[in-house]
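To start, the structure under review is shown below, and the notes come after it.
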Amino acid sequence: MSEPMSIRERIARRAEKELLDGYYVNLGIGIPTLVANYISPDKQVVLQSENGLLGIGPYPSPDRVDPDLINAGKETVTAMTGAAYFSSADSSAMIRGGHTDLAILGGMEVSAVGDLANWSIPGKLVKGMGGAMDLVHGAKRIVVIMDHVNKAGQPKILNHCSLPLTGKQVVNRIITDRAVIDVTAEGLLLVEVAEGCSIEDIRGATEPPLLMSETLLMNAY
Amino acid sequence: MKQILLSFQDAVSRIPDGATLMVGGFGLVGIPEQLLVALADRGTRNLTVISNNCGVDDWGLGLLLRNKQIKRVIASYVGENKEFERQVLSGEIEAELVPQGTLAERIRAGGAGIPAFYTPAGVGTPLADGRETRVFGGKEYILEHALTADFSLVRAARADRMGNLIYNKTARNFNPMMATAGKVTIAEVEQLFETGDLHPESIDTPGVYVQQIIVGKQEKRIERLTTR
Amino acid sequence: MSEPMSIRERIARRAEKELLDGYYVNLGIGIPTLVANYISPDKQVVLQSENGLLGIGPYPSPDRVDPDLINAGKETVTAMTGAAYFSSADSSAMIRGGHTDLAILGGMEVSAVGDLANWSIPGKLVKGMGGAMDLVHGAKRIVVIMDHVNKAGQPKILNHCSLPLTGKQVVNRIITDRAVIDVTAEGLLLVEVAEGCSIEDIRGATEPPLLMSETLLMNAY
Amino acid sequence: MKQILLSFQDAVSRIPDGATLMVGGFGLVGIPEQLLVALADRGTRNLTVISNNCGVDDWGLGLLLRNKQIKRVIASYVGENKEFERQVLSGEIEAELVPQGTLAERIRAGGAGIPAFYTPAGVGTPLADGRETRVFGGKEYILEHALTADFSLVRAARADRMGNLIYNKTARNFNPMMATAGKVTIAEVEQLFETGDLHPESIDTPGVYVQQIIVGKQEKRIERLTTR
């Protein structure tokens, strides 16, 4: 139990650095939601929830749980001071209209050109796209966080996605337990390598070729 | 001024087999709990349900799924509802999965007299297969059509006798748009107030959209209790 | 001054009969607004204002004027008990979406098939269509109230409108100082004649041919 | 958290000649009074203005009309503004008259990432000449495109430091949509509150839409005083 937790935590801690002071941010369901736990107190970041809340606060103490107050992952939450509630139509207008600085989403597969698949495995799993298909076109920047390889050890960063897409050419950055990779016009660019990994490890676990950043950071997180 | 119903049995009795229903809520939050219980008890069949998701296996729309009362679902998320997922994968239920923002906007359009609009969500995905797309300002969009329903079942915290509704926190979600897009909108409310007791600037759903009101005690089951 | 007032009053009083108990109604600018003054106290009618109010109340007493509370004609008004405020987008959604039972609008010209012109006289007057073009398609029933003839004594009910249209085939009923005329699939149907007018007067002041209602009321108002 | 401006001169100083502005209000109700006075004083020229109407001859947008600072107007109503009507008839000003509901919806669409939608308003009128129309469900509709602006100038009754806005009565009108559709939205507010003083369920415009706030004393001139 402790090892998977620490991988999730490593990814979440690294992803937190993507949140800049003053940002409005949408965190997807799953590991992305965990990022909120690591937000530095010297940043003012406002978290948006698709179900109609701008300003998600911390999880409530047990005596302050309000069953009518949840995030998009259906977890009970609180609202921060200065929050606002609105309908799902207003919420998606906010997302689609480009008013979110950053969305951090989970991923099943990401392609060399930034295609994202994260909502369905034909014949096996129907998760539903929820708000992800709106987010990938609406948020100003899309960061996907996921394990670098799947349970069978196969790459999740592929030349072409095999699963049904969530959006085409929408991902700006991929953060995994092993590396940070940017999607650029020239191709995938390796910008950071996690502690304990070599460049060759990353290359071996990533299907498309990787360009090396001139400012590549080793042991970055 | 609005019809105040006295029993949930009565409230759902005019919903015929084969009706199209919009059902408010996100997860179990903001769902018209007792209307769904009554609909499950009555056994109304062949329903088309428009709702963001389908509750859990034993509560909310999950009750109707379990009874196989639903023929077709338009939703954005199957999530953790195992019975819903099973019925979708086995083809027992017809499911149209729609991006959440598109679903919300199609419902709003239905209530607002907008027959169709363009949205970027779904472009380049299997959802766009065979669909009409169009480029505006160098970016590709999909044409989406409005949704309406025979009945909209919504849940509000407060109502007055004019049908004005106010929702609580994130229980607002899909309820306001659905209230506008149903031919008959039935509001299940926690509390009914006299006209004038609700502040005109705080009304989320003006009374014009509500045809019937029923007061219902809510269980407000929690799907994922998360605390500090 | 008293004669034009009484004509306006006659039209408004007759138009009031179009408002049924429980109706949501939009009254256009000008004479239509006056209709509100004659609403029978035994009817509950809710008046909608395009600028974002459902439930217009009476004009305020001088000490209760709120400059932020006006109707679509920009007159200071009050809000009735049970009113709701909303944005112009929500207001037009309410209108366009078919949630208004009746709209009573002023008219410059109405054609034999129910075309309405009421917003512009090319080269002479630019009034603007305001909310009228939304109302004529959104309200379930459109009643136009106007003088039967223009200042030159010429018919305003014409075979074809000469002025720019507000909407095509949208009018259900015309109420003038002289008559009530329904737009039907067979043509214009005379249903009521005002006091002091004969059928021949109405025929002479109306360009299209008129069918006679089987229940035609003389001296109706 | 949001930038609180201290002078109206400063507030309008970044609006360049040729800018497209959305200006809230309906008649004189809900207009950003002092921002318009400052814009008239500064003499910024060749403006494109999107607003429901254009104030009166000596107040609101009328001040800019009088100074011939406006090149083009997109509005739904000229009404009783004589100078506006004179400039439109003489061709001194380019005026695009748009049905009020279409104007409101185009602005909402601009803020909501909807590039275009269909509406029945204007079908069969000169507004439809040369325009793309389409039949849905046997009824004809016009394709309308979204509107956005370089700057949106809105007026609210209350704001907090997060930029959340609450409007007063019918002063809400076009302000909420315009706040969403401006690249930079400047909110002229009657009162500024500390964060937390406004109720989260009563917010009309969430702070994400507001970039700058300025507190302004409002004259609230009355165009048509009507009393009992």
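Lettered A, B, C and D in written order, each chain numbered from 1.
FYI, a residue touches a chain if its C-beta (ideal position, glycine included) is under 8 Å from a C-beta of that chain, and two chains touch if they have at least 3 such contacts.
Source: prediction; values computed, not measured.
Chains that count as touching both chain B and chain C, per the definition above, are D.
When you average the Cα atoms of each chain and compare centres, the chain farthest from chain C turns out to be A.
Chain A and chain C, compared by their mean Cα positions, are separated by 56 Å. Taking the mean of the C-alpha atoms as each chain's centre, chain C and chain D sit 28 Å apart. Distance from the chain A centre to the chain D centre is 36 Å, each centre being the mean of its Cα atoms.
Multi-chain contact residues of chain A, defined as those touching 2 or more other chains: 79, 85-86, 92-93, 95-96, 137-138.
Shared interface positions of chain B, defined as residues touching 2 or more other chains, are 105, 108, 112-114, 119-120, 168-169, 200-201.
Applying the touch criterion to all chain pairs gives A-B, A-D, B-C, B-D, C-D. Across the interface of their complex, chain C is touched by residues 1, 108, 110-114, 160-162, 164, 180, 195-196, 198, 200-201, 203, 206-209 of chain B. Across the interface of their complex, chain B is touched by residues 22, 24, 44, 46, 48, 54-55, 79, 81-86, 92-100, 137-138 of chain C.
Of all residues in chain D, those touching chain B in their complex are 105, 109, 112-120, 134, 136-137, 139, 141, 145, 166-169, 200-202.
The touching residues of chain A, when paired with chain B in their complex, are 49-53, 58-62, 65-70, 72-77, 79, 85-89, 91-93, 95-96, 115, 120, 123-134, 137-138, 164-169. Across the interface of their complex, chain A is touched by residues 26-30, 52-53, 75-79, 85, 88-89, 95, 97, 99-105, 107-108, 119-127, 157, 168-177, 204, 220-228 of chain B.
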